[in-house]
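Before we start, here is the structure in question, set down as structure tokens.
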Amino acid sequence: MATTHTRTAARWMAAPSILLLFMWMIVPLGMTVYFSFLHYNLLSPGEESWAGLMNYEFFVTDPAFKDAVFNTLYLVLGVLLITTVGGTLLALLLDQPFWGQGVARLMVIAPFFVMPTVSALVWKNMLMHPVNGLFAWIARTLGFQPVDWLGAYPLTSITIIVAWQWLPFATLILLTALQSLDQEQKEAAEMDGAGAFSIFRHITLPHLSRALTVVVLIETIFLLNVFAEILVTTNGGPGTASTNLGFLIYMQGLLQFDAGGASAGGVIAVILANVVAFFLIRAIGKNLEA
Amino acid sequence: MGSINLRQVRKSFGAVDVIPGVDLDINEGEFVVFVGPSGCGKSTLLRLIAGLEDVTSGSISIDGRDVTHAPPARRGLAMVFQSYALYPHMSVRKNIAFPLKMAGMDEASIEKKVSDAARALNLGDYLDRKPGQLSGGQRQRVAIGRAIVRQPTAFLFDEPLSNLDAALRVNMRLEIGELHRELGATMIYVTHDQVEAMTMADKIVVLQKGRIEQVGAPMDLYRAPANRFVAGFIGSPKMNFIEGHEAARLGAHAVGVRPEHMAVVAPQNSDWRARVTAVERLGADTFLHLRSDSLGAMTARAGGDESFELGSEVGLRPDPARLHRFGPSGETLAA
Amino acid sequence: MARATTTRRKALMTALGWGVAFVIFFPILWTFLTSFKTEAEAVTTPPKFLFFDWTLANYHEVNSRSNYMRFAMNSVIIAFGSTLLGLLVAIPAAWAMAFSPTKRTKDLLMWMLSTKMMPAVGVLIPIYILFRDFRLLDTHFGMVLVMTLINLPIIVWMLYTYFKEIPAPILEAARMDGATLRQEIVDVLAPMAVPGIASTVLLNVILAWNEAFWTLNLTTTKAAPLTAFIASYSSPEGLFWAKLSAASTMAIAPIVLLGWFSQKQLVRGLTFGAVK
């Protein structure tokens, strides 16, 4: 359905969205790139001067950068591992018929709707607190020494908190994909003599592969941006033990007021995210055609 | 009111010419059927007339007024879509009233027109239902109701019966025919079903690959097809075509004869002999599927009570007056 | 699935399913329970699960601290304001892409998606500076704007996938019937797409409500939503878990309920239609 008239109308109708997003993307990004080449302190405006690649040099050679990159990878990969494996198992479990399935399912997906600051604080205080936390009580009851989770294992603790938030997401999507699996396919495989594990390996898993790809890629996008959980629990510490790339940039910019350095970090973060985005867009683009 | 003229109407999508250039005159009050195989451009042609697509070049006029660039609403046409395209969130009443509301008619007149249309179409009991609660035939009638309340200069039907079951289709065919006689309005009807074309049309337009193959009254097309394509498309079962030696003997590239124009006789009484490969009994008629080396695959019609044995040989005697001769590019040769 | 499952197997699955669900749900349940305890009971060892003096005191106290309602109001304003503004901008765009697609439509959608992938920290400094200079820091308008922009791609995408399922002939029929473009969208398309628009609204409200990067960095007091309010509990180490729990329960309850309500549609929105 396309006359010149409707096509022209369509162009005008789409324009506001496109313009808004274009400006949202290009203006700040352009500024970030520009700032990244300046000596620019937020406390002394008007004293900007050309810095060349110095900001990049400082940012990259800062030992905190290496830690932050490692922490970012640890956090992203750790959460991905927990959520994809756990999510697949949970989805398989919730796909089985059992009493009260619907309610159990609601309970499992609930953490996804909890705002990051709440989940971080609840875990930090009520569960992981070394003295009054529930984990400490459990440890003592079982005769172990309570663990100071966020003090001793800050990054792992944050990984657990974030994984708890994203596990429902993976479960929900994998469960939806699982339920779209053609039952006859499974029955045909059973007729062919395949056992439960073979069916999972050769029928179910391939069917889930697309959903798994989507889960991995979308989570990656969000996990690269983990911020509130760190801010609320450890503030990146002790030292840089739980500082990810995003948090490092935040500290550089809004705590140390070094806009130039933070911008250089921002450019690096954008480049890294683009690498991921490239694959995500290709994966989703393929599904668009189907 | 209701004459439509197409002059050199061309439509291309990118580099593909869907309609390479069509001239067509539709007279006031005519029931015109566009028929052709799927992908022949018949629906596109209808949408061009409706204004849902732009012509690439050429002109369309309605009652002498050039509407080539007018938006659909300004052409005074009403359309019944294949899927009926009823507004699912509106009641039947609101569906039928919608075009009147858009035209800014006052409530009282709308109410009157809707109830008139509902009465004419036997929809009175369903006015407050939603389309989802209606059967296929009822939806079809609502779509027609929505079209007639506007009193359009012409009606456009885009394969309106293809979603109905066979029995209902025959009914609706008769109802639409009746509607046409009552309203006397011009109707353009698109279908791929040659039976619908034959039974409903005043004038059939046979299309293939965006080109008009022939325009004419149903029986004219049946009796004197302009070419092999039309000959094969109109009539059921399809015309038999014989090529090769037999055709050459009659001075043609191919010879066509309809199943109903051949007598089935004993083998010794005819030059054309063939073996029976299948027998389809329809009750009144029996269709024989035949095969022979010289003729190829053939279909013949015999009486309902005659008996035939699979694999047996029969003779075929065509009515010489009803033989069609075609040239190498499919054109009909003069008798 | 026409298969008789043995009762034993079903009982086993029930135990397993509920066990796992309970563990995952536990932090939320624990927060909920703690919100009814006194501060002393909230930190006792061994912890009290159900047998404590249930009290609503924490809710009263959190509520009476005059600012809680303001934070909650800010959350509502930001979440619903940005959703509304987003719909206003996105519905026409989704209409155009679904019903008048061009060769570039797919690329355009992909590009919109890609803006969503830009890491927020990459543009934190410029946005902060722009907001400071345009006096948008800590304003409702500024927050609504940011939230609209970060969620616009999702809104357009979701609406697009829902609109695509509406048969084009219905809109063409409206056009034949004399509807203007505005009438076509308002009287025909929008009512037909109500379920899709509703799920778009739900998802967007959930996302905006829980967003905790821009809300933490661009607000201080006036426009700060519940994410910031809760974060303010993190600074001093003290024994106020019962109150934290009450505040948390109030902050998450409406959204958890909304999320439960819309779980089916959520999958589609969150995966940009790739998993239905």
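Order as written gives the chain letters A, B and C; numbering starts at 1 within each chain.
The working rule: contacts are C-beta pairs under 8 Å (C-beta built on N, C-alpha and C of every residue); 3 or more make two chains touch, one makes a residue touch a chain.
As the structure is a computational prediction, the values presented were derived from the model and not from experiment.
If touching chains are joined by edges, the resulting network of the protein chains shown connects every chain directly with every other. When the C-beta pairs in contact are tallied for B-C and for A-B, the bigger tally goes to B-C.
Between the CA-based centres of subunit A and subunit C the separation comes to 16 Å, rounded to the whole angstrom. Here the CA centre of subunit B is 53 Å from the CA centre of subunit C. If each chain is reduced to the centroid of its CA atoms, subunit A and subunit B end up 58 Å from each other.
Those residues of subunit A in touch with two or more other chains are numbered 1-2. Contact of a single residue of subunit B with at least two other chains is seen at positions 51-52, 71. Within subunit C, the positions touching two or more other chains are listed as 172. Only residues 50-52, 71-73, 77-79, 81-83, 85-90, 98-99, 102-103, 146, 150 of subunit B touch subunit C when the two sit together in their complex. Listed in rising order, the residues of subunit A touching subunit B in the complex are 1-5.
By the touch rule above, subunit B contacts subunit A in their complex via residues 51-54, 71.
Interface residues of subunit C, counted against subunit A in their complex, comprise 1, 5, 10, 13-14, 16-18, 20-22, 24-25, 27-28, 30-31, 34, 43, 45-47, 89-90, 92-93, 95-97, 99-100, 102, 106, 108-110, 112-130, 148-149, 152-153, 156, 168, 171-172, 181, 206, 209-210, 212-213, 216-217, 226-228, 230-231, 233-234, 239, 241, 244-245, 248, 251-252, 255-256, 258-260, 263-264, 266-267, 270-276. For subunit A in complex with subunit C, the touching residues are 1-2, 6-7, 9-11, 13-14, 16-18, 20-21, 24-25, 27-29, 31-32, 35, 42, 90, 93-94, 96-101, 103-127, 132, 134, 137, 140-141, 164, 167-169, 172-173, 176-177, 180, 183, 210-211, 214, 218, 221, 224-225, 227-228, 231-233, 245-246, 249-250, 253-254, 259, 262-263, 265-267, 269-270, 272-274, 276-277, 280-281, 283-285, 287-288.
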